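A single structure is presented below for examination.
Letters are used for the chains, namely A, B, C and D, taken in the order the chains are written, and counting of residues starts over at 1 for each.
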Amino acid sequence: MDIAISNGRIVEKVDERKAEVIDASGMVVMAGGVDIHSHIAGSEVNAGRLLRPEDHRKDVEVKTAITRSGVGYSIPSTFTTGYRYSRMGYTTVMNPSMPPLEARHTHEELNDTPMIDKASYPLLGDWWFVLEYLRDGLIEECAAHVAWMMRATKGYAIKIVNPGGPESWGFGGNVESIDDPVPYFNITPRDIIRGLCKVNRLLNLPHTIHVHTNNLGKPGNYITTLETMRCVEDLATEGKPAIHITHCQFSAFKGSDWRTMKSGAEDIAKYVNSHNHVTLDMGQVVFTDTTTMTADGPFQYRLYGLTGNKWVNHDVETETCAGIVPFRYSRRSSVHATQWSIGLELALLIKDPWKIYLTTDHPNGAPFTKYPQVISWLMSRVARKKVIKRISRRARRNSLLPNIDREYDFYETAIVTRAGEAKALGLKQKGHLGVGANADLAIYNVNPRLVDPSKEYGTIRKAFSRAAYTIKSGEIVVKDGEIVRPVQGRTFWVDIKLSSPMEPTEELRWKFRKYWTVEFENYPIPEDHLTASVPITVEARI
Amino acid sequence: MQLGELMPKLKVSLLTGRTIDQGTGRERGKFSEEYERSVAVCQMDPDDVRLLGVRENDIVRVSTDFGSVILRVAKSARNPHPGVIFIPYGPWASLIVDPETHGTGMPSLKGLPAEVEPAPEGSLLSLPELLRKHFKKG
Amino acid sequence: MPAVSHVPCPVCGDFCDDIEVTVEDNVVTDVKNACAVGAARFLNFAGHRQMKPLIRKNGELVEVSLDEAIRRSAEILADAAYPILYGWSSTSCEATRVGLELAEEVGGVIDNTSTICHGPSILSIQDIGISSCTLGQLRHRADLVFYWGSNPWSAHPRHIERYTMFSEGRFRQSAWEKYLSSLGGILTRKRLQRAVNLLLGRRLSSPPEVEQGLPYTMFQKKRKMVVVDVRRTRTAEAADYFLQVKPNNDYELLQALRMLIRDEELDVDEVAGVPVELLEEVADVMIGCELGILFFGLGLTMSEGKHRNIDAALSLVRDLNQYTKFLIMPMRGHFNVTGANVVFTWQTGYPFAVDFSRGFPRYNPGETSVIDILCREESDAALVIASDPVAHFPKTAAQSLVRSPLIVIDPEPTPTSFMADVVIPSAFVGIEAEGTAYRMDHVPLPLKKIVEPAKTCLSDVEILQRILHEVRKMRGGP
Amino acid sequence: MITLTAKQTFKVPIEAECISPNAFAEKSLVEICALPVWEGNRKRILSELFKIEQKQKTSKNSTIRISGDVGKVRRIGTRMSSGEIVIKGDAGMHLGEEMNGGTISVTGNVGSWVGCMMRKGTIEIMGNASHYVGAAYRGSARGMRGGTITIHGNAGNEVGCFMMKGLINIYANVGRFVGIHMKNGTILVRGNSEGRVGAGMLGGKIVLCGYVPSILPTFTIDDVRPSVKVNGEEVQGPFYRFLGDLAEKGDGKLFVSKKQNTHLKAYERFL
């Protein structure tokens, strides 16, 4: 079959005599890859870059006639990030944690991240405005201010990280469960999640709330994860998702301590298989030297305690915090190996591929450049067995993988790397090849008729590492895994239309002066600060 | 015996740094009177000034292993800090600091061993004079 | 008359963004809320300017057209085998972005002024990490404030008032009246008067604030201030504890504190001229606080030990987090030195001292840092922007800099432009040109354009873009 | 056997990691001449900068002799695993970086980062070395991991920074922060030190036969020893033995000559 492309979109047909023709026969053609959760830009990512010269030294990109130079490995510089995603056939990447006060920084970096479309999720779960309005039950006021914040920071979705944790971390504390009150604010994580879930619905945002659960990275936390999913069950409407649990692997630990730590994937999969209001992404671990970074300050401090590695902490006034710790996943460690197993177990035990998406929570589980390897594990039992043979014995004994025969086919792979993500994000023009879709395509040089992914997983891995062609908005940008044409890539943000648009009240200004150390007028980011701004207008219900 | 040996010399530790005057001075322009006055100065502990037998605004020569420079004496408002002199960042201080970075990129600008002596014969150079003298350009 | 408000102040790392500037027919006539230095910048920037481009011809700087100056600059950079591009801390991030592209194009070494201020801090952050925050976090929560080898009252005049001791936050009260009562004696009162004038003697704008009785503040204890310095600075006088450390002995003091907070015994009775009893008392205060912050300045990065002093400070603060919440922050000097580090890092992975000579970024301060390169006489050309190395580099480095062809882009004449071979006057960023800059705590803010620059003075961004374009033309590129 | 002679005195830095027995191995003279080097931002071939003579076809065990002014030639012998490099005169920075075997000897002085992150082999410098002898790269906590570095002259600051294994043997004086953050291995200094010896050390052994201005307050005295064994050799003392760096909860051993440091007598009251 043929796919016709004309000025950036997929169309019925074009005049073949005039058109440039790509012969993709014997290759796999998919929509451009969509990443729902990858830390590629912003103050936190950049602090990680600064922290790790030893990480960059071993992996460099040399300047060419058309591309800029840069460095990897686990936290690539901006240009390199764009090029490497594009080489893998990805055309859209979501940047999941943006401290609102430093949003300007995030967008400056995204302006310097070529080849891909992108968007960012502002961190709103511990913003004092949210805590106070939800505490006082003022959902609509809360929604109005969230709408203002989305516009001010040019954000795309509501990100909630360890709800209540960052505020408690302000004085070095944390919350232990979703009903543990936040000091000085008498509100619980449950209230925050439910409140923002309602706000999300009032505002008609394209994506659900994007949640990093409490107790992340703690043995036994799968209970918290189940509670978190349950606590918004009643808020789901017409079978649509109401919550996205991100990098679920890190929130699916069983056991009471590190010694007894096991996989909780089975219980979570069981829940997800029987409910339609939840989507997940994997947060897959790959055995390598990487860098962990989250807005979960207390978790990162605990990680420093475990590893003794260098540790960065960055608290952001009235809003959130962030932490960074370099980390090496070793197959000999039973904990790390179990984590590796959990990610794949989730992806294989959850029946409906539209409910779980492929991520490594770049760079937390592994750099995004490891996706092709993860794909090969999903598509091949043999590839998985090969690793299982070499991991810690304890982890092998507890792993569910040996008894899982499921192997993804190319369609399922396409869903967990593009279609599913695009759907969950409400990006209607992405993730498919239907007429009207963005002409973002990836063509991989592997023949599904001749290649058996289960046996030839090496071929699969190679093919997905270096796309034969990547087409971005109708232009060939990558050929045979090399950049042939640098493009800017757009930045999406949601422009929320309220029935009565919120005027900055005297109260807002007063609070501003009290809460932040910058002037109200200097806080919002003007649209022209984004090199390629694409507002997505949504009509709110208020 | 020579005159030089009669002159008292003071072994001190040299600090350089920012001052509010240097800050406001530079805002008047690097070639302004204010800037010159604010940076071509050696702030000393009053007792050290007495010890050296000079008065405020007298001329002294400050020398290190890396050079020497003529400066105006000022009693520092905040004391005591005997044996410590302070010269604000600027073309004058830069002539006598230690360029050694010990492989860090950062020269050694604070806590340098130095010597202060009265220099009645010396005269304060204007900035252009100073630059021409030491850089043979401009 | 038109008053522009909420103007960020393009002078020091505090980057206060509440300045109100009055402009009458393109001239700044009044400044409110700024400190002495800030006000001086806004009121005097126009006074001392170089308006026309200059090129040195047989020994003399003579006026030339902008095109000729641009072309000459491009030639110098394109011909160089190891050029230096230095400055960047007093210009916009947008300019730095172009600067990095230019450095990459000409295969040069690009370095910013942190190389001679907080470069060592960055080196040790890369070994230890750092537990830091934005300044508002401290206004709301800090009950213990350390200033170590930094004197905000002179270098960051509004710091104490806006962010620490004299500021008021959700959980903290201003320490004003405690400070007043804590002082006795005429002399101190005189000094206090000076201090007060410095702080509040400024012309203030902002109408009296309307209290709305919102459930906002929950005051707890007041703040304590500790100052460690080799001199009794003005800041020291406001302190609850002042530790006068022997010059070049900060490292010992910090390491000793690391043991004392763990209640361990020292074999000595005095460290760096400070009796151990006093240190033990201070250690208790540190453990006892709810949120402590340690601000450190060049007193620590420049004295003997350099980055290892910072190692000790960062480790001390990290260790303290076992007992309480403790944070640390370098007091950055120039208003956008943080921004320079940030842009360098996202484009190259490294915050300063980046060597593009092999077509990709390499970083190794001591090898690729500008002072070392100059002292080894390795560079054969230099571009200096918005900085004055001749005034601030050690003599040997400055001499080496002026020996090879030197391009200077600066709004005003400086000792460096005085020595230059090409001088390109630019617009004052933050006054005559807009852009983005980063406060010392990494908070990005917009730089504003409040007056029109002279026709002959382009913005740094435009000048650099034109040089880059010219270089590419010479190389037959696009 | 192959000899390289620098054709001129270089101004800008030269990057020549290709000068190593491994890179020359099994190559004809023509191939060796064509090896890439960098002169500042200009890519050159080896023969543009050096006069090259080859006796017989080089194996990976053959000897490379270098003469002329190579004080600015960096990364000579990087990652070499066998063979020998002999430099007449000074050598530039990063000499023998990540070296994995073989020997390098220099008759003159060397720049900073000599033997940086080396694993095996020996480096001998007849003159002085600059800073960061046997250190780690920025941000990495893994310095020298084995082998021997001998310096007959002085060495600068941070000798053995983040050292993990091996021996550094310095016959004259050293700067500050000898053995900073070292985890293991041995550093023997026969001359004096400028101070802050063993700062932040977690383990390993530092022996200082000369004078030190002071011991860090975070070290505690533990014993006086008549002599110390350093890789087979008895170094005669007596030495004060300190343990530290307690600020890092380290248990490194620091031996300091008693004779040369009478000002440390005060510590004896704790024995």
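Assume a contact is a pair of C-beta atoms (placed from the backbone, for glycine too) under 8 Å apart; a residue touches a chain by one contact, two chains touch by 3 or more.
Owing to the predicted nature of the structure, the values given are computational and were not obtained by experimental measurement.
**Student:** Report which of B-D and C-D is connected by more C-beta pairs in contact.
**Tutor:** So, comparing the two chain pairs, more contacts are at C-D.
**Student:** If you average the CA atoms of chain B and of chain D, how far apart do the two points sit, in angstrom?
**Tutor:** 39
**Student:** Where the centres are mean C-alpha positions, what is the separation of chain C from chain D, in Å?
**Tutor:** Computed from C-alpha means, the inter-chain centre distance equals 36 Å.
**Student:** In whole angstrom, how far does the Cα centroid of chain B sit from the Cα centroid of chain C?
**Tutor:** Result: the chain centres lie 23 Å from each other.
**Student:** Roughly how many whole angstrom separate the Cα centroids of chain A and chain D?
**Tutor:** It comes to 45 Å between the two C-alpha centres.
**Student:** Which chain C residues touch at least two other chains?
**Tutor:** 123, 126-127, 304, 356, 358, 363, 365-367
**Student:** Among all residues of chain D, which ones touch two or more of the remaining chains?
**Tutor:** 112-113, 131-132, 137-139, 176 - these are the residues of chain D that touch more than one other chain.
**Student:** For chain B, what residues touch not just one other chain but two or more?
**Tutor:** Correct list: 102-103.
**Student:** So which chains actually touch one another? I want all the pairs, not just one.
**Tutor:** A-C, A-D, B-C, B-D, C-D
**Student:** Which positions of chain B touch chain C when the two form their complex?
**Tutor:** Within the complex, chain B contacts chain C at residues 13, 15-20, 23-24, 27-32, 66-67, 76-81, 84, 86, 89-91, 94-99, 101-111, 127-128, 131, 134-135, 137-138.
**Student:** For the complex, give me every residue of chain D touching chain B.
**Tutor:** Those residues of chain D that touch chain B are 112-113, 130-132, 156-158, 175-176.
**Student:** Quick check on the complex: what are the chain C residues that touch chain A?
**Tutor:** Checking each residue of chain C against chain A gives 5-6, 8, 17-18, 93, 97, 101, 104, 122, 125-137, 139-141, 162-163, 170-171, 209-210, 212, 214-216, 218, 290-291, 318, 321, 324-325, 327, 341-343, 345-351, 356, 358-361, 363, 436, 438, 442-446, 477.
**Student:** Mind listing the chain B positions that touch chain D in their complex?
**Tutor:** Touch residues, chain B against chain D: 102-103.
**Student:** Spell out the residues on chain D that touch chain C in their complex, using ranges where they run on.
**Tutor:** Those residues of chain D that touch chain C are 11-13, 15, 38-42, 72, 93, 112-113, 131-132, 137-139, 141, 176-177, 180-181, 196, 199-200, 216-221, 245-248, 267, 270.
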